[in-house]
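The structures come next, written out as structure tokens.
Shared between the two complexes below is chain A, which pairs with chain B and chain C, respectively.
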Partner chain A sequence: MLTVENLNVTLRNGDVQKHVLHGVSFSIPVGKIIGIIGESGSGKSVLCTTIMQLFRKQRQVTGEIIYKGQSLLDLPEKAMSKLRGDEMALIMQNPMAMFNPIVTIEQHFVETIQAHRKATKKQARDQAREQLKRFQLFDEAVLKKYPHELSGGMLQRIMIAIAASLNPSLLLADEPTTALDTTTQLEILKELRKLHGATGMSMLVVSHDLGVIANLAEEIIVMRHGVIVERGTANHILQHPIHPYSQTLVAARDEHCTLDELTDHFDGVITGELMLYDENHWVRMETRV
Partner chain B sequence: MITIEQVSKCYTKKTLFKKASIVQAVRNISLTIQEGRCFALVGPSGSGKSTLGKMILGIEKPDTGSIYFHETNIHQAKGEERRFLQHALQVVFQDCHSAVNPRMKVRDIIAEPMRVHQQLTKQQIEKQVGELLEMVGLNREDMHKYPHQFSGGQLQRITIARAICTKPKLIVLDESINSLDVLVQISILKLLKKLQQELNLTYFFITHDLHAVKLFADDVALMHQGEIAECIQVTELANVQHEASKALLAAQLPIDCVHNYLRDVKEHVS
Partner chain C sequence: MKKKWALYVSSVLTGLLFLAAIFSPWIMPNDPHAPNMVMKLQGFSVQYPLGTDHLGRCVLSRLIEGTRVSLSIAFVVLIATLTISMIVGLIAGFVGGWIDIILMRVCDILLAIPNFIFALVIVGALGAGMKNLLIALVLVTWVGFARIIRNMVKSLKETDYVIYAHVCGVAKWRIITRHIVPFVFPQMLLLKLISLGTTILMISELSFLGLGVTAPIAEWGMMISESKTYLTTQPELMLIPGIMISLTVLIFNAFGDSLRDVLYPKTT
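For the complex of A and B:
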């Protein structure tokens, strides 16, 4: 479905250049959920936005991203923006920041649907209503509400519903539950699994929480410092992690591990200082493991 | 050390056109926090955890009931007593980026509580700030940098340094590690544990992450809709009784649930 091959991404900001992804290759088969786990600054989000071909101007990308036989890197912007939303959808981390605060939830649906489909306002509204019903979300009253009237968990569920409203065949979820609390997190994960079960869409789930990844993904990719350090089926990685970083992540989730054991264990795993590249974006000074 | 006696707190939510509604954030809570221990308060968002934390700090006033630090009523203290409490009770918030002034250098951020409470020369301040930075695992030279030059984990260390500079007795950790990376979380927990031993601190640890609680805390209170559902020791966490606490435990994601999920799917297909 989606094949990423030898992807190198360099971010440019004025004179500063930062190599963020090094030779990343993986593929997402049809109907599978792939999980990417890594710490802040490991290039997870850059990978997602590069696949979506956002921020094209600020990035120097080499390698190949092939989606259903067409190379996304060569695709003109117009064709690409048709693919976005229609074929691939992206869910971002902070649901509160992703909605327009002065527009109702219904408007968000209508805008998305009308951008990609020929539909009158009424048809789009009906589709929004259907979509809510399909996810057994809430009653229709929620459509008339503004983002600030809803909680983070509800907004994230609505975000998933909007992303799914055009039936994309690939969903990229970039830290879908990081901004939410544990009980809400569980509900969002359920929602994503339900969506996967109902539509069979492929998903790429990105998180720094092994619990989230283990809950969703069948295959796991472990990233660190912009390089894939380990990959395999979920069961295998969770039971026999090889790279010290994945070992630490698994150990950190172990019920019986004490704090002292953990810190002795990961002493030295965190290496290389983080430095600020641009606003809210951290990269490693040491670019290679 | 801290005794909370039947404390309740309501917020009035005012809206422009509708009638004001009353939200009961904390309902009749009684607790004791023992000296030298880490007391964890766990609950879903909106269960009143932070409100209770703020009342312990004296930022919010309870509607009924009272909170004592040793023998002193936190909300009725005046003059010298009040100043002592300001030293003794400190806080580290969740969002470290908004907890510091972006226009101030790290030195001034950490020194601000010192300047308020003590008369110190510039040299004394720099010396103390340097020592504090080293205590939290940063470099002395970092004091001349601005907050945006640090990552979330480093900035959280700076807010911890600011919290310990008045030599507090109790630190309220209000979701202090939740927005950080897993490994950074562990390193911050380790730092807090080290400081607890060195400075004989007591922690009031507000979180919704039971995993961190298991690693870090001694006592746990599980909170649900403004009430304490249960108050137990960490070791007994596996056998909680209350429905709400069971739900909270069930929401923790064990890393082996993918097996169950795949099994469910297979059953569903067949």
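For the complex of A and C:
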């Protein structure tokens, strides 16, 4: 469904340039959940927003992003805007900041629906209400509320509901649980699993939390400093990580340490070539010096 | 609360000024344009509560007509500049790129010229009259506001909810009307209200120099100018419109300031 080929991204901020993604390639098959794991600064969020083609002016992108046969990099902004929210949706981290404080939840729904479907306000409102019923979480009173009246977990669920309201074929979730507390995190994960079960949409879940990825993904991509370190099925990577960096990540989960504590243990430079290690399992082979 | 008290008083006084302006034809005791040479330069009386000027016209009636003229010009200027600066600021801030650069350079050039002198030049070139006065005031005052709006839009564009709206595929004009204008407009309206006093002062200044409102329409600045010759014998002819100008500017400033204090308590 989505193929990313040799993607290089450079962020431009005035005269400062920063190369954040180096030759990233992977693909998301129809109906699968792919997880990307990596510490902060490994370029996960940049990858998501580049797939959505946001911040086009500030970024220099080479390579290919092919969605259903069309190259997103060549797609004009107008056509891209049609895809966003309709064909492909993005759930972002920090839901508390994502909603306009002076606009009700209902209007947020209506706005997204009306951006893509020819619907009157009333039809859009009805659709929003139906969407809420589908998620079986809220009574209708939520629709009339303003973002500050709701908790972060609620807002994240609403963001998922809005993202799902137009039945996108691809859902990108950028750190969907990071800003939330542990119990809410579990509920959000349940929500995403349910959504995947009900619609079979392809998903790309990005997180720095291996627990989240292990819970959802069928295939895992390990990223560090903008390169893919290891890529393979979830079972392979969780049970037999090959690359030393992946090993530290998995160890971090087993020992219940925070990621930051443990990734510091791995300070090797990643230089090796990405090679096929096993069926569907790619690892960057380090040549030890 | 002290702040609220200031708002109540100043809004009542502002309301009175606007009422006087709207109902001026009915509350004027005499025809402000009708000369009565027999009664010229009279003191206060029952028929002419504030006396008469050098042509025997009722000072109070002219004062009331002046209110109407000043307020209506100031109001039209407010709406016109708000519209122009909103459009320019939104385009420059939201579109960015070379359009932004060009528009902001134009603003820089206009800002470099002192306001009053610029207005003088425009009225001087176009000729005196209410219409040209309006044009001059609008041309002079939109610039600063366009800059402020542009900067506000630029920072609002970076907020998470605008990015989120992009993510949802919401069209650009819709993002502007839904997520940017509602934040910019109230603050701009407030700033414009605060600057209303300055506009009124400028109308009077230009009229005093004979470049603004033309006779026979009464205007405060013009009334002062007309009564210059009688400064020693009848100082109240100059004092009364002078006090009126100061009071109006004071009331508008107090109204704008106290409104801001109540609406945006943190910013003060």
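Worth pointing out:
Criterion: the second predicted complex is superposed on the first by the 254 of 289 C-alpha atoms of A that agree within 3 Å, B and C clash if a C-alpha of one lies under 4 Å from a C-alpha of the other, contacts with A are read in each partner's own complex, and residues count from 1 in each chain.
Simple rule for what comes next: a contact is a pair of C-beta atoms (placed from the backbone, for glycine too) under 8 Å apart; a residue touches a chain by one contact, two chains touch by 3 or more.
The structure presented is a predicted model; accordingly, all values stated were derived computationally and were not measured.
In the superposition on chain A, A:Ala252 makes contact with chain B only, while chain C stays out of contact range. Applying the stated contact rule after C-alpha superposition, one finds that A:Phe99 touches chain C and leaves chain B untouched.
When the shared chain is aligned, chain B comes close enough to touch A:Gly197, but chain C does not. In the superposition on chain A, contact of A:Asn8 is made with neither chain B nor chain C. Residue contacts after overlaying the shared chain place A:Asp209 against chain B, while chain C stays out of touching range.
Ranked by how many residues of chain A each touches, chain B and chain C are led by B.
Put simply, chain A uses no single residue to touch chain B in one complex and chain C in the other. Interface residues of chain A facing chain C in the complex, by the touch rule stated above, are 52, 54, 57, 81-86, 89-90, 92, 94, 97-103, 107, 111-112, 115-116, 162. Residues 44-46, 148-149, 151-152, 154, 179, 181-184, 186-187, 189-190, 193, 208-211, 214-216, 247-248, 250-259, 261-262, 265, 268 of chain B are the ones that touch chain A when the two sit in their complex. Every residue of chain C that touches chain A in the complex is listed here, in rising order: 96, 159-161, 163-172, 174, 178-179, 182-183.
Against chain B, the residues of chain A that register as touching in their complex are 39-41, 151-152, 178, 181-186, 189, 193, 197, 208-212, 214-218, 234-235, 238, 248-250, 252-253, 255, 257-259, 262-263, 266, 269-270, 274, 276, 282.
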